[in-house]
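Okay, so here's the structure we're looking at.
Labels run A, B, C and D following the written order; every chain starts at residue 1.
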């Protein structure tokens, strides 16, 4: 069946998103927030300060940034390459435990210090935070490839299931890892705590140096944005987009499917690892039971709500959801309860709010808050007035393709 | 005419079965270098299946395919593509949400060398490579006559421009063989006539062989140096346009005067 | 009986048929011919309610049927044997035939029609318990036509019944089409095999690029130079 | 000769896969035999526990497979539907009808509850399909999948409000204690699991293979447009399928609540994931496959959790999901699934 004519689209293509404007905006906002918390907030009236502490505590901001880092990685996998990953929490967990192993007194049978600002007398492996970031990223990239290599041949649904299984296995290994043939891998449910603080310019950051951590996390998020944008505009990014649109045509144009998908997986995993390390220093420990399926889903929600494929959209989505989840909802609940003298447990509505948000977005604004222009077209492909599906050739692919 | 030159792509005794049904049965076929040859046949004759074997989408049940004297049977599609077998699709399969330029650049994937790190850092080498690729893409778009549409999404192009973009994209592989799957489907007679000239232009200026699957007989007869006719998976005739036109088996296959033959 | 009036159908922004009008009268065989992509199948799919119209109307025995769901249109007595057969491959021949009579409750009538179909296509009787997907193309085609007949249609739509069949079978299919028509079923036939279709049809419409280019008596069209040209490149 | 390399490559791959499978199966057999020799009665007991878990999974897995078979959607909310079924049953029996012990009246209520809970879950599932999934049938695949995840959250929320955040225990109307055959002691609950599940499975088989509605379902699963041409109301058939899956989940919910005596709002997720794995293992979309996969997974879990030489319960999920991943890698279509032809 063929297509006869095609009305020439009268609309001029929209001017490409100005990445520069966005970058400058991001940077300025980050600096402004820093100035506000460090220099202005202490001089404001107490009432205002406590309001800020309730609604926008700096620790929540830091945590939100950790989510941003991970969501940006998932965006590469889901948003760029179109591979559904439901087990992203695994990389987060692996990153976290990397920090636990190399930045604490956990392996107290050894005593090895390198670049860390912690006291030399404390046994255990103590490496510099920056080095651990690299190690965590590498380990995650390795696992990304290991899990990806045999499974990326699968069709999208199956891939989702396998990643989901992976996301269940890894945390369980850590939960049960207290005694693997006598070796304590993870300290089980007790977790690893405390984790060394970040050292920077010879200074050890204490648990209350939130503003320094903020800067570090902002820099990491900026790094992920940079990587995303650079890759997106290059050879690999084009191949990812092509695969997302039409895998078969892409392979016919010389794009190696496996290698390209693996690259997406590996880069995504790296960001998961970075987020894991950052999170470990943020909460000052690693606790196996936190790594649940819901983390994978929340990350996916961030990517989807923000606008798959658009780093800025994903960032907005991640900040918003992380904030609602950690402080927005409880603070809002307290406000309501004290105003109306009610006693509603608002955080227990998280499920409802997330569920409703996901469904309503899918029904009414599938492309997300800040969509990539192409995604908007994609998501509404078949709901034009005619509602007729585009016919396609049926090419039966053989099993081993 | 280039029919006497050595074959650049050759298929020998290809059979393809789907669940016991033979879609292609023992078909041999050669594309001489720099020739324009056509594959015709009624719907369901196995043309597209055969095409899919040449490009690696299907693996033949038996037989083999060689390209430049190298066995490429059963290689995955991207390996065949990067060696220099390019194709277009019967129902246009562009990357609709990428610009025309990006579409062409995707097909340059195998020629570009930049790795992940190089891309992130933006090494001078990577930058100049990108620049050159972009220039080459623009040149290809100009070549097929849609140079002005470089920054438009492929899906917003007119139908004829989409067909041209598909050719530009295929040419970006720097192929020695270009396989065109019903390129004039949905074109009116004037557009088809323009297309005939375009095929020659591609062949002559890019120095490549062209294999055409086509329904429009006027196009096939005008453009082909040799025609192969498939019917129900087997080759029933092969020869020059004049020979094919007067071949009774071909007339039968097309017009269905089957009673006399059987 | 069937009246298609200025119908347009689009896939997305792309118009596949651009204002087609045609009529089928009771007892006729009408054929719709044209090259690949001319919009033949799209027309049939629109009549069967699988595609939504962009504009125009379709009426059947005086009632508007455009905008109705597929199953409602079948209930009115329009059955289709679709392009590419579309039999249910993982079901037996017998089950496929039963599905053709899905909306009917008259056991006797169904049994009679089943007998009629198996008489028209004795091969199906031999394969009655075989999985439909394992049969040859020709047998699948017979099943597709037979399945549509099981709905006891007053109007039968046939989309490319000869596609990919061996010549012997092509002849057989066209003979059967004539037979079905003689038994009282009106037929709208879409074909690429123009000559064969024109031979059995009363009237014909020639489609090109989504428009009707020619129409008239089938016998006249056979000798029309334009038709010959379109099919063998003059 | 050209062409040979490709054939040998294919053969080699097949050979590697075969030997891998043989080694894996041989290893599993070895493990089973050792355990059997070590403590035969325990072996038989855990086998039955595994089986009774397996058929419970089967009820849930069928719901996944039915829905996937017909509209290719992984219905993430299905496990949570099962959870709600359990909650409904607990309230129905214990609170609304006040039955706490095994008795004649209790059995009557139990039967009544079975009907009620099946209707309840069927209704929920049909409603979900009608108001969410149906509108997304033409959207890219990711959209309905994410919607299903959202639905799962909403159902969990309902469970959370209804049940509270902790685990709740409930009295069971089933007879306590064990019976023994040939010296092997089996709990009555295992027997009852079989007594409930087998008729339900038979009824399902009957509906799908013998009735008109079942035929419509199978036809719709194979080809929606062709089904329309047969006069099948595709929307209604899909609704019916969701209803059927929901009813099975409801039955599973009741069974779980009565045999384990507990409810919890997040139970559906865990069990749903395992049941889903079972459906995939059997070849998603294939009904017998779902039952087979569920029984295999139930057995594996039972054996792993209960045998003297095994990884133990804390590794249960890891074992199940590792097997799933291996299976996906070597046989992506599942045990009974057929290679799909993808429409591209």
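Keep in mind that, in the parts below, contacts are C-beta pairs under 8 Å (C-beta built on N, C-alpha and C of every residue); 3 or more make two chains touch, one makes a residue touch a chain.
Computed from a prediction, not measured in an experiment: that's the story for all the values here.
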Shortest path length from subunit B to subunit C (each step joins two touching chains): 1
Farthest chain relative to subunit C (centres taken as mean CA coordinates): A
Where subunit C and subunit D are represented by their mean Cα positions, the distance between them in whole Å: 42
Between subunit A and subunit C, centroid-to-centroid distance (C-alpha), Å: 53
Cα-centroid distance, subunit B relative to subunit D, in whole angstrom: 47
Whole-Å separation of chain centres (CA-atom averages), subunit A against subunit D: 31
Residues of subunit B touching at least two other chains: 59, 159, 185-186
Interface hub residues of subunit C, defined as touching at least two other chains: 14, 36-37, 209
Residues of subunit A touching at least two other chains: 1-6, 9, 248, 378, 381-382, 387, 389, 391-398, 400
Residue ranges of subunit A touching subunit D (in the complex, touch as defined): 78, 84, 150-151, 153-158, 160-162, 164-166, 168-169, 172-173, 175-176, 248, 293, 297, 300-301, 304, 348-349, 351-352, 354-359, 362-363, 366, 378-379, 381-383, 387, 389, 392-400
Subunit C to subunit D touching residues, read off their complex: 45, 48-50, 69-71, 74-75, 79-80, 82, 86-91, 95, 98-100, 102-103, 147-148, 151
Subunit C residues touching subunit B - in the complex, by the definition given at the top: 14, 35-37, 133-134, 136-137, 160, 162-168, 170-171, 192-196, 209, 229, 231-234
Subunit B residues within the subunit C interface of the complex: 19-21, 42-45, 159, 182, 185-186, 188, 215-221, 232, 245, 251-252, 254-259, 261-262
Residues of subunit D touching subunit C in the complex: 212, 215-216, 218-219, 222-223, 225-234
